[in-house]
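Dropping the structures in below, format is structure tokens.
Here chain A shows up in two complexes: once beside chain B, once beside chain C.
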Partner chain A sequence: MSLLSVRDLQVTYASRAGPVRAVDGMDLDVPAASITGLVGESGCGKSTLGRALMGVLPESGRITGGQVMFEGQDLVRLSASAQRAMRWRRMSFIPQTAMNALDPVQRLRTQMFEVLQERGGVSRRDAQQRSAALFTMVGLDPQRLADYPHQFSGGMRQRASIALALALSPSLVIADEPVTALDVIVQRQVLDVLRDLQARLNLAMILVTHDMAVVAYACDRVAVMYAGRIVESGPVAAVLERPLHPYTMGLTHAFPDVHGGEDVLVPIEGAPPSLLNPPPGCRFAPRCPFAEPACHASSPPLRSGASDHQVACWRAGDADVLRQLAAKPATWAGA
Partner chain B sequence: MSVLLQATGLTKSFRMRGRDVHAVADVSLTVAAGAALGIVGESGCGKTTTARMLLRLEDPTAGRILYEGADITDLHGRALLPFRARAQLVFQNPFDALNPRFSIRQSLVEPLRNFGIPAGAHAAHIEAVMQRVRLMPAAAWLDRRPHELSGGQLQRVVLARALIAGPRLIVADEPVSMLDVSVRAGILNLLREARDSLGLAAIYISHDLALIRYVCERTMVMYLGRVVEEGPTAALIATPAHPYTAALVAAVPVARVEQNRAALPIRGSLSDAPLAGPGCAFRTRCPYAMPRCETETLALRDVAPGRRAACHLVGVAS
Partner chain C sequence: MRRALGRLGHLFLVMWVVASLTFVLFRLMPGDPTLNFLSPSFSEETRAALLKGFGLDKSIWQQYLIYMNNLLHGDLGMSFLQGKSVYALLAEALPNTIILTIVSVCGAYAFGIVAGAFLAFQRGGATEAVAIPVALATRAAPEFWLGMLLLAGLSFEAGWFPTGGALSPGEQPGSFSVLLLSRDYWWHLALPALTLMLYLLGLPLLLMRATMLDVLNDEFIVMARMKGLSRWSIIMRHAARNALLPIVTAFALGLGASIGGNVVIESVFAWPGIGRLLVQAVQSADYPLAQGAFILIAAVLVVMNSVADFVYSALDPRVSLRARR
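Let's turn to the complex of A and B:
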């Protein structure tokens, strides 16, 4: 049973050149008590999705269709005040740059108290105890609640913004590129904090990232996004070891492994399509070495390929053969 | 192989609260013609400052830099021009490396003019370099402006600009970190090709050991301004000698389900580290620190042929 279930979601930005559908017909299921990675390149709509779920889209963006079922309610049809009430309490957000979550002129204690007392209705006494407990939980010394954000390193700030996100015990946390701005050692430590908290608190988490290695390290499930849609989703092991979509296959050969093994990396030539005027068929077709006429004509739906493993590709039936071809550089050179 | 660039005892220090703090301390390195060296470390380790000193974009507080055997440490202005044509920086962020009002052609002509290449030869240089970075046919790209190009295409132009005057060395500081994953490989492959076909030497600066492994056969690891380990990249990753290198390697995630999820062999955070004074700068975070690590500043010493590390735990008969 999914905690969050997104169906045919559309999010549109107004732009001078016309409406841009950043999320265009997206289906996603997030099970309770697990980490779902949402992976894709810049502009694929992964951050927009996170913001739409949280009700914090920028001025020019709005949800223009679809359904988001969360704990029995459709968030799309919820009033603004009902959505505000849900934010922090049932669902919370960790942004990429912790400075965006933290107020630079307020002590961390003041910011914690604000969330706990004003939004959570917790008494001052309990807020004091809870703040200290939250800091301890994310590996920060509770004495540091007296500090201002600028007195913290990048990693400590990200821990503080995690503590803030967990203050009112939400069931779902959306983390948007939470470790991208951090150095590799701090990155790993923050991922370990997230994994540990997820397990201890039975949280559901959506981890938005561009990095397949971060997904492999920290997530249970993964949804791969391309040009506003999910093209593949399933358990991490299945998607990494037996990818069904040519884009996912390409990604697995496109970046180096620290322990080596690859002779040569294989780039995916070209660039994602403009969302102002996307191609009519499969959006990956213009870059796909396996595209057939049907792929350019109509867009494939997200369907179950194997048990619990979905893919949106007209050639999914040939995936075993395509996967072998995708490992060869020559396959991608001519696309 | 002949030595192209050599630095000895490079140091950059500044005064803070009445004492000298080293941003870079006593870094020595050699780059042979056609070889690629990686400098890896976290923010604040001094890798970017080291690169800027090597390119003579920043003056060292101490140390010497030799290019093809000639000391260039004290050269300035016009006297540096021949070196500038031979050693080029590849910018990290392609989105602000090019003048937005210049066409691609103008961006490529500028270095040719700066380095005194006769106007009659410009077209041939431009055609050749555009072919090298795979922006073909060149005519289709040269009159465009930066905003009409994607990040990957812009980075190809940035690379073309660095290569057009025929350098012997390029220094690339995080050359693909601003690019999407699917196009990074294309740029890395171009850099490898440029090296193979032009015999170009390269210094890559990155926090990403996986990237460094793909493009560099030798690597230096820096921590708080000092080199803590150097050696062949594959060996350094497979069997790290310095405890900091071990933590750095263990921290890199891989895109495989089976991977090391054990707690990192490192304590505390960078902010606990001593800023000055004797002893190993890593001792406050090192799981193996001993009393002598507080008092003795250790130089790099041999671990194995071609491998050196600055740690009491290595280089002694085991």
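Let's turn to the complex of A and C:
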């Protein structure tokens, strides 16, 4: 049973040129007490999904269809006040850039107390203790609660953001590119904190990233997103070792091997389609070296393949053969 | 401590430059201070005697040294024209200017900040389409023109307000505290203050709107919404608090600039303040009075600059006047 299950979700931005479907028919299941990675390149809609789940889309954005079941309620149909009441208490957020996500003119303590008191109904004395405990939990000295954000390093700010996100003991935490702005050593420390806390607190977490290495290091499950849809999802080991979708195959070759092999990095040529006017068939077809006429004609649904491993590809049946072809750089050069 | 001393030294240097410049400036001006007393038919001896009495017979270097020496002792000299000490004349005019400035600047900023924040939320609406051109128009309209329009309409035509001065004929000025309680005084203050307020209003209004729009797009505002905080908390505690920072600087500088820059309005409304005194002094080549007025205005500006720095550092933890830890 999933804690969060998204079905056929559509998020549309109004633009001068017409409606842009940033998320278009997305299905995603997030099981309780595990980390689900959400990967995809820039502009594929992964950050939009995070903001849509939190209910704070920009003014031009709107959920135009589908449902989001979370703890037995459909968030899409929830009233604005019921949604606000749920925010941060049941579901919280770790932002991409902790730099601007913290109010620059308020002490960390003030920002922590604000959440604990206004949203958690905690007394001032308890807020004091809870803040100190949260800071200790993420590996920060509670003394630093008296500091302002600019007195923190990037990694410390991200730890503070994690502490804020956990303040009200939510069951789901959405982390939007939590380590992207950090150097690799600090990245690993922050990911370790996230993993450790997830296990200790039995949290469900969505970790939005564009980095396959982060997925391999920190996640239990992964969902690969392309042009507003999930194209493949499943347990991390299965998806990374035996990818079923050509896009995932391409992604695994586009990142350096963690174990330091001498592989050549192979980019996926081309760019994602315009979401203003998406092609009728599979959205990856124009860049896919294995595309057939059927791929351009209609869009493949997300279907379960092997146990717990889903893919949206007309050629999923040939995946074993395609994977061998995809390992050769020449395959991607021609597309 | 060392920084404070350094700052004080800096202020001192600025004031010395200002004092020297005003000294040179007024002596470069065409016109002769004696001409205000004497018709050209007076004999050359009388004129020489008068110049000697003013100390203008000495060389310019001697005049400068005497002037500086007096200044260091806090002596601004005697007005050529009015025969009173410059200090007394300034002390008489300064309260009027301060009242006019404080009322107008505070009014303009209080209204401008609220209206600007409101407009930021009405972005793209009809309110904005009307309010912004109006704000720009009041900012662009010359003060004297606006003042004359108000005078023509509200004083001469409607007769609601007096046409000038600070008190009606026959009213006794009395002490400053008595003045503040006098209805007549406030009645006279209304039009010049309104004019100045309208003129000053545009800056805080447009600035507040712009910074508010900026801040509302900041990531921490989105985060505040995600946290499910109330609209009030988001606007007051996070958005307005951050948007106010540049306004504070503008306010302190505006206060300083206005005290010296009320020349036009004080002249239009015959308001007996520093600005009008300065105009009179310049017209009659009254060197000591003009120098005194200029030095006072410069001192106010310099002090308000420091106040702006200080307040800013108190409001924004990222700015520190002290050396970094």
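As a working rule, the second predicted complex is superposed on the first by the 329 of 335 C-alpha atoms of A that agree within 3 Å, B and C clash if a C-alpha of one lies under 4 Å from a C-alpha of the other, contacts with A are read in each partner's own complex, and residues count from 1 in each chain.
In the analysis below, a residue touches a chain if its C-beta (ideal position, glycine included) is under 8 Å from a C-beta of that chain, and two chains touch if they have at least 3 such contacts.
For clarity, every value in this text was computed on a predicted model and none was experimentally measured.
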Fit-or-clash call for chain B and chain C when the two complexes are aligned on chain A: fit
Chain C, chain A and chain B - angle at the middle CA centre, rounded to the nearest 10 degrees: 70
Chain A residues touched - chain C or chain B, whichever exceeds: B
Contacts of A:P293 with chain B and chain C, given as first, second, both or neither: neither
First, second, both or neither for A:I268, with chain B first and chain C second: first
Partner chain in contact with A:G72 - chain B first, chain C second, else both or neither: neither
Chain B versus chain C as contact partner of A:Y217, first or second or both or neither: first
Superposed arrangement (fit on chain A Cα atoms) - minimum chain B/chain C Cα distance in Å: 8
Overlap of the chain B and chain C footprints on chain A, listed as residue numbers: none
Residue ranges of chain C touching chain A (in the complex, touch as defined): 218-220, 222-230, 233, 237-238, 241-242, 245, 315-318
Of chain A, residues touching chain B in the complex: 41-42, 153, 155-156, 183-189, 191-192, 210-218, 236-237, 240-241, 250-260, 262, 264-269, 271
Sites on chain A touched by chain C in the complex: 51, 54-56, 84-89, 92-93, 95, 97, 100-107, 114-115, 118-119, 148, 150
Chain B residues touching chain A - in the complex, by the definition given at the top: 42-43, 150, 152-153, 180-186, 188-189, 207-211, 213-214, 234, 237-238, 247-257, 259, 261, 263-264, 266, 269-271
